[in-house]
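Note that the chains take the letters A, B, C, D and E in the order they are written out, and that residue 1 is the start of every chain.
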Amino acid sequence: MPEIVELNVGGVHYTTTLNTLLQDKTTLLHELFAGPEGRDTLAKDSKGRYFLDRDGVLFRYILDYLRDKALQLPEGFRERQRLQREAEHFKLTAMLDCIKGDRDARPPGCITIGYRGSFQFGKDGLADVKFRKLSRILVCGRVAQCREVFGDTLNESRDPDHGGPDRYTSRFFLKHCFIEQAFDNLHDHGYRMAGSCGSGTAGSAAEPKPGVDTEENRWNHYNEFVFIRD
Amino acid sequence: MPEIVELNVGGVHYTTTLNTLLQDKTTLLHELFAGPEGRDTLAKDSKGRYFLDRDGVLFRYILDYLRDKALQLPEGFRERQRLQREAEHFKLTAMLDCIKGDRDARPPGCITIGYRGSFQFGKDGLADVKFRKLSRILVCGRVAQCREVFGDTLNESRDPDHGGPDRYTSRFFLKHCFIEQAFDNLHDHGYRMAGSCGSGTAGSAAEPKPGVDTEENRWNHYNEFVFIRD
Amino acid sequence: MPEIVELNVGGVHYTTTLNTLLQDKTTLLHELFAGPEGRDTLAKDSKGRYFLDRDGVLFRYILDYLRDKALQLPEGFRERQRLQREAEHFKLTAMLDCIKGDRDARPPGCITIGYRGSFQFGKDGLADVKFRKLSRILVCGRVAQCREVFGDTLNESRDPDHGGPDRYTSRFFLKHCFIEQAFDNLHDHGYRMAGSCGSGTAGSAAEPKPGVDTEENRWNHYNEFVFIRD
Amino acid sequence: MPEIVELNVGGVHYTTTLNTLLQDKTTLLHELFAGPEGRDTLAKDSKGRYFLDRDGVLFRYILDYLRDKALQLPEGFRERQRLQREAEHFKLTAMLDCIKGDRDARPPGCITIGYRGSFQFGKDGLADVKFRKLSRILVCGRVAQCREVFGDTLNESRDPDHGGPDRYTSRFFLKHCFIEQAFDNLHDHGYRMAGSCGSGTAGSAAEPKPGVDTEENRWNHYNEFVFIRD
Amino acid sequence: MPEIVELNVGGVHYTTTLNTLLQDKTTLLHELFAGPEGRDTLAKDSKGRYFLDRDGVLFRYILDYLRDKALQLPEGFRERQRLQREAEHFKLTAMLDCIKGDRDARPPGCITIGYRGSFQFGKDGLADVKFRKLSRILVCGRVAQCREVFGDTLNESRDPDHGGPDRYTSRFFLKHCFIEQAFDNLHDHGYRMAGSCGSGTAGSAAEPKPGVDTEENRWNHYNEFVFIRD
């Protein structure tokens, strides 16, 4: 049967067990709550709750971390830096590593996806069958992040400098031609589309070269999509 | 008359009935609260409330599920993974299935809608009547998701490989020509527009072929809309 | 002097009057609280508050509705379906009608606004005065929603099938030429811009027809704006 | 030393002073709390707090207004209409004027900014110096709102009808050529960019007129930015 | 051992230490709480908590500031102006400086990034290797903000007026050609992409000049990205 501890953290009340508070021996909480004599020197509020002079709202996540030994913040959590400050205060090194590791593993940044496309025109009775045709999906951004997102589907052959993951490239492309698959990959890795641009090509005074489909040639366009991860 | 139970879940207080807590025999809550002797071994806080050492805020949805036997989360709910962790802790298998099933039934992903359009020009006194004219609405994305969204209005005849719902296609199109209906379908299925691109066509040194309306030809454009479901 | 009632709704405490709770005779609350003998059979929590085994947070809006007999939810309220479930539980038919009526009166959907425009070029010393010139604002979407938004400013003469408000049209246009007024109308009706596309026209091997301003002709473009109401 | 008043507003507890509650003689709060005999007839909850049967959450702003005699709502506040209802209930005319005045002073609406631009090409050894060149920034929207945003930098000379601030215009332009300054002005006045469109020009069968820079001519484009204030 | 102080701030309860409240000698809190005789004249609520007639919610940040002597607000915090009002009330000059300094150091505003690009076409067997090629990244906006974001990578040589950081320029460009690096710089400084425009070039009746790659020439386009910092 657990020993129940009532806490007053800056005015917000939490209830937990001694066991949870003593999870990690290196923390300030362990320092404060290990041994009855330690606890006796702790300040208490007027209702007898142990008192901690810190932000009451963020302590929710401190406690969650101690219970589950894993960091699971709400999506779109907006107090990450504030939480880091609390974890520092409580010397919760393991939690701090999680907060920072999370950011290191998914650094913010931008990747641009572009494609030069046109339409495939039928030559016969199927003349109305005109699908999007794209020759290659270009990938631009920081090398390490492009690799993280696209893995094996990334073709680096045109920019084979295997060092410098921090450099930027605009010479990577994908091994497949499904732009939606590229979008899904980006989305799965936490990138969100921030902008998109389309542009057509200019006509020319010259007749198109032999073998070039005039109609396909006219519909040439370049679409570019910018993705950003916060 | 229900037996009222007061709970202290990590410091947040809930009131419910024993009946609600015992809804589902396979859960940890049933284990803990079934039989007075079980309850007697439970920890209580200083006010006599039964104590659970878990996140207090998320327990709201655990309780809602037990009351209604149905999962109804707020729109844009941002603690799904955290809630899953709680449901796992309480061995709420049925609720867990709902959380996961919800995601399986509506997997995140991207669908692109494109159309090649121009304008319809009047031939006579109605020369100013120029409406958007589009020949075909193209649908690109993962096969299973395109089918989920567009159902019977999807024409798969140009990419009839009936297996592999996980493959990507860019050869589906719609049986109708109302782009707004396609947008509504996507919106109804939880997709949100993430970007849009427009591009015109290039002129040509050659005279247009006979039978082609020169003006309509000049206004040819390709508009592409990217939809993403989180 | 009102009779004050203290409630414990799933752990959240509310205070209100008996009068407010008995507003509507058809509700479960009336059933529960009408007559002292009814109230006597109600469960109470340890502080003597009447206990209701429902979600505590959403009860705020139930109470608001009973006080004012009108539904006024926060903008961007994300628990509409959850609230509906509560209203159903409490048999608050009038409130349920409001929630549903609200949705019926403003169904979600998409409207596209497009215009073919160019610039007006001065002929003389005012040659630098070049304003946006647009001949017609096109409106595409579901007929009923187009009518709701644009009312008397909508010209339906080119698609005069007066039945079928559920059908889609791309042949409506506006009686005026102020695109910003159209945007304002859409915004006033809860539509938000989701995307926008621009495209220019192609040049032609042929000389422009007599009477056509060459420069104006070159600047022809089509801009399309997609609006969505959630 | 202030006289402290404890309130129970629909279940939410507030503490304030009698002085704060009596700030404004025309309000319902003054009516209720002026004079000990008035207060004696007020309902109290079981803890002796004065009871008001209204929404507890929104009362925070009522109290803030009484303390500071100024309205300062959170950015993106989503319960404005609900708050208005509360202010009406409490006959807080001055606060009501603030809520409404705020809206009147910053009416929602749309302004479009467009520019016809190209690039400035160097004539000599500096041939690579090619900056964005734009001749004029066009402003379209409702006259009063354009004036509010752009003030002295607005040139109305081409649409000099000095009446009718409610009419729409597409013939205003700016006295300067810095599009970013226009964006900053709009942003400062609460407008947010909702969409943007770009389009190029068409080539022509004719040779460009003498004195026209061919390259600059080719890069002509029109970019249009739509701003909306909620 | 700290002296614990229980506060009732407008109805919200906080617990802190006397030490925290007396951090800063110039504040109203120091004035109120320094010396037992001062505290004795303070109003107390019915539970003996010291009473402050101010907004209870925002006091969380006042207390955080006193504890850590540093301002760390949640991302996307929407009550900055309201908090400023509270800091003014409590004469927390140092905190006020932080709130204002924060805004001065990162003033809101707009920066536009544009590039004229095309594609690099292979001349031989590598004919399908066509990457995005851009000659120069243009930077437009207020001089001081451009400098803050791009630092050493900014080339100001074409607009070398070294005074007037408040003036706007459209003649800055970057020393490198990686548009994604520019996006990352902007993102790191709190700018978010608000819109994007693409446009192609017009064809010409004239044959391209010798030495110009016809195909590359046809694909010329201008993409423009608008970033805004709130």
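Structure notes:
One rule holds in what follows: a contact is a pair of C-beta atoms (placed from the backbone, for glycine too) under 8 Å apart; a residue touches a chain by one contact, two chains touch by 3 or more.
Note that the coordinates shown come from a computational prediction; the quantities given were computed from them, not determined experimentally.
The minimum number of touch steps linking subunit B to subunit D comes to 1. In summary, the chains found to touch both subunit A and subunit D are B, C, E.
Comparing the contact residues of subunit B and subunit C by number shows a mostly separate set, under half of all numbers used being common to the two copies. By number of C-beta pairs in contact, D-E leads when A-C and D-E are compared.
Each chain gets one centre point, the mean of its Cα atoms, and the points for subunit A and subunit E are 20 Å apart. Computed from the mean C-alpha positions, the centre of subunit C lies at a distance of 32 Å from the centre of subunit E.
Shared interface positions of subunit D, defined as residues touching 2 or more other chains, are 195-206, 218, 220-224. If you draw each protein chain as a dot and join the dots that touch, every dot ends up joined to every other dot.
Interface residues of subunit D, counted against subunit B in their complex, comprise 197, 199-200, 202-203.
Interface residues of subunit E, counted against subunit D in their complex, comprise 8, 10-11, 41, 43-46, 51, 53-57, 78-82, 85, 108-112, 114, 116, 135-136, 138, 140-142, 158, 168, 170-171, 173, 194-206, 220-224, 226, 228, 230.
Against subunit C, the residues of subunit B that register as touching in their complex are 1-2, 4, 6-7, 12-17, 20, 47-48, 60, 63-64, 67-68, 70, 72-77, 119, 128-132, 178-181, 183-184, 187-188, 192-193, 195-208, 214, 217-225.
Contacts from subunit D toward subunit A in the complex involve residues 198, 200, 203, 218.
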